[in-house]
Amino acid sequence: MTEFVDTAAEAVASVSNGATVLLGGFGNAGQPMELIDALMESGATDLTVVNNNAGQADAGLALLIKERRVAKIICSFPRQSDSWHFDEAYRAGEIELELVPQGNLAERLRAGGAGIGGFFTPTGYGTELAAGKETREIEGRHYVLEAPIRGDFALIKAYAADPYGNLVYRKTARNFGPVMATAATHTIVQVDEVLEEALDPEAIITPSIYTDTIVGIPTGSGTKQREEREALAAGRRKPCLATKTAAELAAEK
Amino acid sequence: MTEFVDTAAEAVASVSNGATVLLGGFGNAGQPMELIDALMESGATDLTVVNNNAGQADAGLALLIKERRVAKIICSFPRQSDSWHFDEAYRAGEIELELVPQGNLAERLRAGGAGIGGFFTPTGYGTELAAGKETREIEGRHYVLEAPIRGDFALIKAYAADPYGNLVYRKTARNFGPVMATAATHTIVQVDEVLEEALDPEAIITPSIYTDTIVGIPTGSGTKQREEREALAAGRRKPCLATKTAAELAAEK
Amino acid sequence: MSTETFRTTETPLTQDELAHAIAEDIAPGSFVNLGIGQPTTVSNYLSPEKQVTLHTENGMLGFGPKALGEQVDEDLINAGKIPVTELPGAAYFHHADSFAMMRGGHLDVCVLGAYQVSASGDLANWSTGKPGAIPAVGGAMDLAIGAKDTYVMMDLFTKKGDRKLLPECTFPLTGVGCVSRIYADMGVFLLDGSGIVKVRELHGISLEDVRDRHPGVEFETL
Amino acid sequence: MSTETFRTTETPLTQDELAHAIAEDIAPGSFVNLGIGQPTTVSNYLSPEKQVTLHTENGMLGFGPKALGEQVDEDLINAGKIPVTELPGAAYFHHADSFAMMRGGHLDVCVLGAYQVSASGDLANWSTGKPGAIPAVGGAMDLAIGAKDTYVMMDLFTKKGDRKLLPECTFPLTGVGCVSRIYADMGVFLLDGSGIVKVRELHGISLEDVRDRHPGVEFETL
């Protein structure tokens, strides 16, 4: 049954040393920044972290890495212009890196949540990221066997939760959230809005069975969503809607 | 690009002899009855059909089987009280049956649509439906290797399509539709409503990339959906909402 | 929750009493799949306060009782193809997601009927292996292995008096080592994969009789 | 659609001309993924009448140009983490569904940059294999194998004058035999896995020079 808590600190209180933690987000979209900050405060260490990246600048995951609280990271794209804390830890040999193509990362998490023991993927075949892995030719195409990933905890950001614990997301902030929610023993969610009514059963992205702990934390997502809602209610176009095509914009230059 | 046609006959006109056809539906819910009737009329034969069942009574798939137009069926539950046409064809050795546990059927279709070459599933391990299949112990659990299923065509029923070819479904009529849409080279959809506006991008279940041919055919689903919409608009409860719990109903007896 | 001490009554449980007993053992807030047929009756004893959510493998969490009158909607059915109702908080999803939910071990309890169960928890409930019969498996094999706990609801003996709890199943298997509890008219038995059957309750039968009628099966009381 | 006959011009194509040429070759109604960087500029030449739908692997079909002013929404970004806009008919989905769409071969065209391409269509675009460099692959390997056609957009030679089309890639591979066309400043080359490179267009270079500067690679004109 989903529990609702009041603070990010309470939400992450059960994350223990040595845990495998799935962190949602792609860039800033869908990144559970306030939960990660609380995890930082909690002191949990020796973590294995699964995330698309390996932290940026001086915030969130980057700080966890800076403090050497992450023993291992499983990700697709650690190196960025502002990934200096990861870069330093990696060069010092103080963090283990498992580099996984982004789609294999998503599919391994999906397999973890779906009870699949392993799957043959064409992605990465013949590359050094498949070195040492079992391969197989199936109907003329080459595949690599990949294993599921499961987490003890998932920390994700959704847009809204209903009182039953069902979730909806917002635009491309959805990204890894729904998959990670299925792949963790304990899924912790920060949402901009905790609703008083049930969500439309047809539009739910993450059913309540996958959510364990939810905390409401207003962020910029809420501001934008209210703007969008007001615009639509007033019969105006969505603010994020394109007004011109790329071709038109290019022609203007 | 998705094409919109006016009749079920046009929609299925391209289904050729010998094709593998994925048929949506679980019971009557989501069954593309009018498309199947049109397929019957089209004369296409020597088909391999993938469906959860093997036809019921004297309609739809059962008639295709009666006329010996189905050379092989891949399904989970052929035997029903009213599956007499399948029963007769099967006993006469005039239809090939591949029996697949329902969840493996769904996952094999999903793998077909997702470019997965094969996957290890725990379902069926140690049973006669896994006889002769590759097995593997992974982290203490036993799995069977299953292969993807793809179709030349999928015939499915959704609730509504927008002008771009995106789909939403209705309640448990969703079932196999979204998965089959991903697993076929050519996906043919019957919908109750062809909308004039774009669907909410957050609520789309099948994106337009998976739909090839759409035909609008009003059915009982549309009637129920309009009733539901009117009830909600008038501030009444949804007609399908439970008024009492099973425990309350049982206590009344 | 069950109190795990050995209990007995003089008479076998009725089907309703059995359904009630299973419902009592389902923890509040659980996500549960009730198999087609007799297991469905368990829902009659799940009080709303327990907030148990029912899953149906054709793509829904949070369905309510059988639909009546204007509630009937042919797009809203359970796995037994019976029209059901929707409860607030319900969610719909497609077949692959539904079985991923099951296979991934996210359901707390699944209650199934059985032809036979072995002492080590093997289940046979989809086929009696009769030659010439047309096979049909549906979701049985997925359900068998798809919950944290798989409970079997059955009579301890067939109408002909044959035992259904065996050293090894003789009918084709549905799943291997998957059953954790048997709720039978004559008793409740806990299976842990060791092959030793723990007897939690007996109803209208003595432990001695249970042992006599199940040669080759080892029983222990709690 | 391209007319498949051999063509030449006197001067190499500019980057904009190259983007235009690729856009011209994308069929109306296509679903397309444009890689980060230079390939993104192809969208500047996709006229709305063509109804080409753009996919971004972080979970969206139907995004529009870069967001400006009040359009900017940090929850709406492309794979390059640039804020973009939404077009009518757009759809959002999660990461596993997004990559399933790609891996399952549902995209018509993917346009990528490259460090190197081999005559048999191997692609190297994620790592130069420099010792001590921190590796990062992102979606490169998924994109490489994830469309019906993978087009590479690149200069034919590096700034230092090294060739990028080789008998075999020397940098770590992104994908094997996955590239079907190279759109380069100096020409358009079709690869079919045979190892023989079909030359469709040459710009500012002669066929003889192409052959001279690519020892070990076999070229044929269309």
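Note that the chains are named A, B, C and D in the order they appear, and that numbering of residues resets to 1 at the start of each chain.
The rule is simple: contacts are C-beta pairs under 8 Å (C-beta built on N, C-alpha and C of every residue); 3 or more make two chains touch, one makes a residue touch a chain.
From a predicted model like this one, the values you see are computed outputs, not experimental measurements.
Fewest steps needed to get from subunit A to subunit B, stepping only to touching chains, is 1.
Chain pairs A-D and B-D differ in how many C-beta pairs they share in contact, with the greater number at A-D.
The greatest centre-to-centre distance from subunit A, using averaged C-alpha positions, is reached by C. With each centre defined as the average position of its C-alpha atoms, the distance from subunit B to subunit C rounds to 27 Å. Rounded to whole angstrom, the centroid-to-centroid distance between subunit B and subunit D, based on C-alpha atoms, equals 36 Å.
If you average the Cα atoms of subunit C and of subunit D, the two centres end up 54 Å apart. Residues of subunit C found to touch two or more other chains are 60, 86, 88, 92-93, 100, 102-103, 146.
Residue positions 107, 110, 114-116, 121-122, 169-171, 201-202 of subunit B each touch two or more of the other chains. The touch graph of the protein chains shown belongs to none of the named shapes. Per the contact rule defined earlier, chains pair up in contact as A-B, A-C, A-D, B-C, B-D. Chain contact summary for the complex, subunit C toward subunit A: residues 28-29, 31, 51, 53, 55, 60-62, 86, 88-93, 100-107, 146. By the touch criterion stated above, subunit D contacts subunit A in their complex at residues 43-48, 56-60, 64-67, 70-71, 73-78, 81, 85-88, 92-96, 98-100, 102-103, 122, 132-142, 145-146, 172-176.
Only residues 1, 110, 112-116, 162-164, 166, 182, 198-199, 201-202, 204, 207-210 of subunit B touch subunit D when the two sit together in their complex.
The residues of subunit A lying in touch with subunit B in their complex are 107, 111, 114-122, 136, 138-139, 141, 143, 147, 168-171, 200-203.
The touching residues of subunit B, when paired with subunit C in their complex, are 26-30, 76-80, 83, 86-87, 90-91, 97, 99-104, 106-107, 109-110, 121-129, 142, 169-179, 205, 220-221, 224, 238-247, 249-250.
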